[in-house]
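Here chain A shows up in two complexes: once beside chain B, once beside chain C.
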Partner chain A sequence: MILYDFEHERPGSLQDVAARLAELGPTAGILAGGTDLLPNMRLKIRTPATLVSLGAIAAQPPGTDTDGWLRIDALTRLSEIENSDTVRAACPMFARSAHVVGSNQIRQAGTLGGNLCQEIRCLYLNQEHDFQFVAPCYKRGGDCCYPYPKNEKDFCASVFMSDIAPALIALGSDIELVGANASRRMAVEDFYTGVGMTPTVLRADELVGAVMVPPPPPNSGWGYHKSTIRGGLEFAMVVVAARVALGEDGETCADARIVIGAVSEGPSRARGAESALVGAAPTPEAIAAAASAAVAECRFLPHHNFSVEYLKQNAEVYLRRILSEAFGRAKTGPGKGGQDQ
Partner chain B sequence: MIEAVKSRSRKRLITLTVNGEEHEIAIRPNAMLVDVVRDQIGLTGTKSGCSSGSCGACTLLIDGRPMLACSTLAVECDGKAIRTVEDLADGERLSPIQEAFLDQGAVQCGFCTPGMLMSVTALIASNPKPSHQEIKKALEGNLCRCTGYNAIFNAVLQATGQDGIKPIMF
Partner chain C sequence: MSNLSFVGKSRKRKDGPDKVTGKAVYSQDVKLPGTLTGRILRSPHAHARILRIDTSRAKALPGVKCVITVDDTKGIKHGFVETPRYPPDQEVFARDKVVHIGQEIAAVAAINDMVAAEAVGLIEVEYEILPALFRPLASMKPGAVEIQPTHPKVDEPYTNIAGKTETEWGDVEQGFAEAHLVRTDRFESHLRTHGYLEPHVTLAHWENDKLNVWTSSMGTFVKRSKLAKVLDLPFSSVRIHKTYTGGTFGGKIDLYTHEYAASRLSMLTNRPVRIVASREEIFSAYRHGQPLTVELKTGVDRNGVLVAQQIKIINNAGAHRGSGVVVIFLCWGFTMAPYRIPNFKYEGYSVYTNYTTRAPQRGHGCPQVRFAIESQMDMIAEELGIDPVTIRMNNARDPEEDLPNSDNVHQAGLKDCLRLAAEKTDFLRNYGQTRKAADLAGSKRRGWGIGLSSYFTGSLIYPNGSGVMVKMNDDGSAVVLTGALDVGQGAETVISQIVAEELSLEMEDIKLVTSDTDTTPQDIGAWISGMTYVTGNASREAAGNAREKLLEVAAEQMNTPKSDLRLQDKMVISISNPDNRLSYRQVIAASVATHRGDTIIGEGFWRTMRDEPMHPSLATTKGRWSENYAFSVQVAEVEVDIETGEARLIKALTVHDCGFPVNPGLVKGQVDGQVSMALGHAFMEEVVTRNGSTLNTNWLDYRMPTIHNMAISEDADVITEQYKVGQPYRTKEVGEGLVSAILAAMANAVYDATGVRLHSTPFTPAKILSGLQKLEQKKAG
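Right after this comes the complex of A and B.
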């Protein structure tokens, strides 16, 4: 199928890209690996008049900032993240989350920035519109919503499906946004709005420059799971990610970060469940209670023919498993199962 | 919603080295690599299946990496080296991977085969003795509606001189 006609530019630096975005305004689109954007342009979900390509800019290799945080360039291909010894040693959950995205071909082309800024998904949206539908939905700039006909104007109840964002949030990572005149840095969880129409706080004249992951707290461990039906080349039905730390006694939970993704407009942190775990011994009962509290406090939408009941049950079971794994890794000390991809 | 430009974009010249041969081609930015390789260069071994990144039929190697030609703009490949399925055989002599695909009955309708062969070529280049699990992972983006995959896994095992080939029951 032939794409509509558009212009294409390849500036030589992130600052030049930001400057062009500022000049072109909302008619511009940022092209990274294109694995999300180009199919969406075919389906006219996005119709930028000019693509500003990041293709001429080389990604900086993963490195450590002076404050000890690991810095990953937004232009890094997912295949490089999953195979990077630096990333696998410093934050195996991040490498794991990149490893389960799409297929090898998607990971060879797809970048970290594109993954974190990917368009939300919805059964109506991700198909040829002209063929079956009379009017475009809110997200396409129209005036209705197909799965939720009663939705208010411009309320889009679609699902954000990045496999990587929940892992980065569980790791307490920051994201750097580069603008023409200034850059800003924020926690990855604050990057997401939870609003389907505008899923991130990225402005039209900004782009993602890098992600920074802090060094793990002492005695910490992680757990991550992406639920799918066939286990390959598939978007998630549920993603759960957790990072926990034990206190000096090695017996009580000192810190917990629990994230559920791919079930609503943005990844959500289960803060209630986290604080209930802190100070308690991670017994199977405490873990089960945390899993069920997390599912109760996070927003779930039915998506891709999965009912909310099914998704909740799936999330609860896997939260129990990944929390046990995380506490297990926290107990076994340094290394913490670092290489067990 | 943003309206696409109505005027025709400017054509530009790009250089692609395809299977070792340099081509200078005039294209618009919306030209997809799969269409340039098939229609302008005339190498129709690379197939166009889903056009959306989901089937892997269009897999070819760009600078050695297995990539999807249906989801890659040709203009982004300016100056790059592309390898397609046509480059695997040496004249009439098939490559060991192609021979193994034939021996093991890993080709039925053949539509997925060029993409499969390119994914396997990339896998073996970096991992000469892949395990069953590694083969599966490397081929997760290549769909086959005919063989049921086991014949394909067998072919990769044969091509890499490994045991573990399982008889296929029909």
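Right after this comes the complex of A and C.
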């Protein structure tokens, strides 16, 4: 139960929403699927005075822009993404990453925009704060950090756990932010700050409009894995996502994008590991070296009772596995062999 | 057994249709006009002196109807155990100091949730923080900060000892001296919780000098006795109504402060008061299971036959006695029941720490103890070059053996279970193969493990016995009055089957009135693994009593002896002249006409160990414990990813001697439920705490298995008890003993797959991987 009073509005268009956000500023909360916001309001992690609902606005169906990029409306439900023939054909990794979120009920309600803008997580934060951890932490506007008592103010060592963001970054996707007066477009990668206090660059008067995924390069393949303990109804221990492409010779790695998610304040690109792969043959040794390098260059925080040591071990094994899968798919041709099981 | 129509059959659940259609009434479904919301103020500190409580601002808040603290109580204490040695030790609200995070300090009743929450926030409490202790070894150290006084009868110089159980027989030292091999190992278990889906809910309404209560429980008569006592009311003034309970697993037995608070607030406001515990409260302030340290020293001869065993249990018991002093007694029982141990020494310490008070949890110590013993048994077997089945066969008890406490195992099917389990899984052909194989492809490794266990079937604890009444209706149908509570285990179904059998009625002819303390006879409750045995036999007696009355009247009316009569389709029929028959309706009418208005009411009562005056001593184990012992052998097949350490249960086989299964379908449900719970125990679930606070306070971060994690669960029974109509049903426990051997079997299977021996639960990927790396280093260096 949400134990405080708040207003609820339901504007009829995206422009009206943006206008209301501009008027209300940070006191507004944007309600789409509600699977992240409402539990956080119950836990008083967020206490918006006004909920601006997107309930009256219909999502545009997935389509292709004139530049050939796939466009997915931010209001698209995750269940629609995982089951969309268009998405599954054009970018199966995207569909896969939507499929592994939460549970079917969560995916029927949750939206793409909501998933990408979800609040960071921390066992101390995700509590009722009724009688334990009562004093608000930095993230809740207070003056302490429970897991890291020595942290400076404004430093929230928490974990950003979107399953989809790493896949979109690996795919080289863009995100469109809609404001009252202007829209802006940027790489999904740049949407994330890596700062726990403010995980995204989204301003209080903006909302996510859409995600655009580029067509895959020739001879490309993907690999994705979400590590969990029970396989469902669970945020990730580690997410790894990769998209690779082979050169015209079909033997040499021409492009690689490797992303690790759910282990720090934002998804991380492993650029060092990527460049080591490019130009080389993706032998098992090269893949193992890339996996190891990726783990070494990304930041890991202990989270949800997992030690950094184990998170790194798990990430390295699965990076190796998904890179092998990705190169395997690249050899069989773009987009092939990538449908959801 | 061939002429049985109802018992021994997988009859449909009596409560099934109401539960699947949402009609079943749980405590939250009971609505009364004018109900106030109750809410509890809890301690933010694990250990602190209370210097001052000021409720004035909360009381002044508009919408607040009442605020209570310990000063509004009569100061009457209660406890999970209430015996001369272990008298009640808990007050319903903290007095002078708090001993765990979440301890109840005050309660408010207000017109709605929002006002109640605000009021709780307005109560001012001033604390002086005291050092808190969370590890039992630190807590028991002489000179440690005192959480509660050490029990006066413990004469060792330890602090914070809630209780001790000790017993011995033979001469362990001599046994160890004579043994061919002696091993000492130490096993640790972790904090888990019950995971009942229905949170604690209590609605209390004080009206016309009577307290009506609807609450989540495992036995309404236990609740009534404790609630009436702390409220200082006669039992007749407290009525616990029947509601269904959405899962318990040990977590809803004892009196909880919210039950007292809702009741007291209702008495003070003359309004109904409801308190619902949030899931966060349940995880961080309510009672969980008991993490045990098991130190195990075992001596065996060349054949692995036990010569001597010494076991020391240290229980991290939380801040009150709770069931902590029971678990250290039970662990002795779970140790001595399945294997013969000629020389034995046992010590169990229950140690106060600044965690929440502990409750029983399905298995109540058995999984922790069997994990230790069965793991060590495999280690011994390997050292001796004996296989895991043979070493167990060499030690397992035979039928009719007397136990050290003068109980008897009767027709114990343990060896039958072992034989069948080994045969059905081809155990000896599979075991050890993965570790022997060289250069296996891929990263997945399969392993097989075995474990065994024994569990008691009911013991003596308040209210000790069950009564049942069977009221015949004029038309020949029957109403059964029983205090039994259906917490999901199927009590209503089993009781109906028994009554149907004894009276030759259809299940549909029987309606039950259950678990209402005013209208049904007293019942032991659904929590000591004895309900089918005790209440089941009380039902058999009650129905039998009604049947005898029917036969008596019919014999008079039909002019034929009772021995010539049989019952069929609500008719009494003469065996010698089948045309001579009377319907139940006619017999009952005749009874009313000729037996001074007797409408035919059958009464039945049952008590386990009827010649025993009371339960065994928790301190010395002396005295009889149980009449029937269930036995089980379980085999686990697990798969381990040796690169990531991730492990899962693929398949479980449970072979059990559960006596006579009144409803095999319900037995199968218990088997599957326990396998699921045990695999959560092994691989997924842990209440993560830091300094007494719980970090994972929700279903998301406390990972219970989902249906997708469920392993293939097969079972087989070895029915060793013969059953005849008119004889007591020799049913045995099957509802909680099966979480134990399978846990050990999973640990042994992980070893079989990888060579990694686990000494603590849970079996996390990190632990398994680290074990694998140590093995690699050993091989390399």
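Here, the second predicted complex is superposed on the first by the 335 of 341 C-alpha atoms of A that agree within 3 Å, B and C clash if a C-alpha of one lies under 4 Å from a C-alpha of the other, contacts with A are read in each partner's own complex, and residues count from 1 in each chain.
As a working rule, a residue touches a chain if its C-beta (ideal position, glycine included) is under 8 Å from a C-beta of that chain, and two chains touch if they have at least 3 such contacts.
As the structure is a prediction and not an experimental result, all values here were calculated from the model.
Legend: residue contacts after superposition of the two complexes on their common chain; A:Pro199 is shown touching neither chain B nor chain C. In the superposition on chain A, contact of A:Leu3 is made with both chain B and chain C.
Residue contacts after overlaying the shared chain place A:Pro26 against chain B, while chain C stays out of touching range. When the two complexes are overlaid on their common chain A, residue A:Tyr310 makes contact with chain C while staying clear of chain B. Within the superposed three-chain model, A:Phe133 lies in touch with chain C and out of touch with chain B [touch as defined at top]. Of the two partner chains placed by superposition, chain B and chain C are both touched by A:Leu233.
In the superposition on chain A, A:Gly113 makes contact with neither chain B nor chain C. Overlap of the chain B and chain C contact sets on chain A: residues 1, 3-5, 232-233.
In the complex of the two chains, the chain A residues touching chain B come out as 1-8, 26-27, 31, 34-35, 38-39, 42, 46-51, 53, 55, 79, 102-106, 108-109, 136, 140-142, 232-233. In the complex of the two chains, the chain A residues touching chain C come out as 1, 3-5, 123-124, 126-128, 130-134, 227, 229-235, 304-307, 309-310, 313-314, 317-318. Chain B meets chain A in the complex at residues 1-5, 7-10, 28-30, 32, 35, 51-54, 56, 59, 65-68, 71-73, 75-76, 119, 122, 136-143. Taken in their complex, chain C has these residues touching chain A: 41-44, 101-102, 113-114, 117, 120, 278, 280-281, 284-285, 643-645, 683-684, 686, 688, 693-701, 703-706, 708-709, 764-766, 769.
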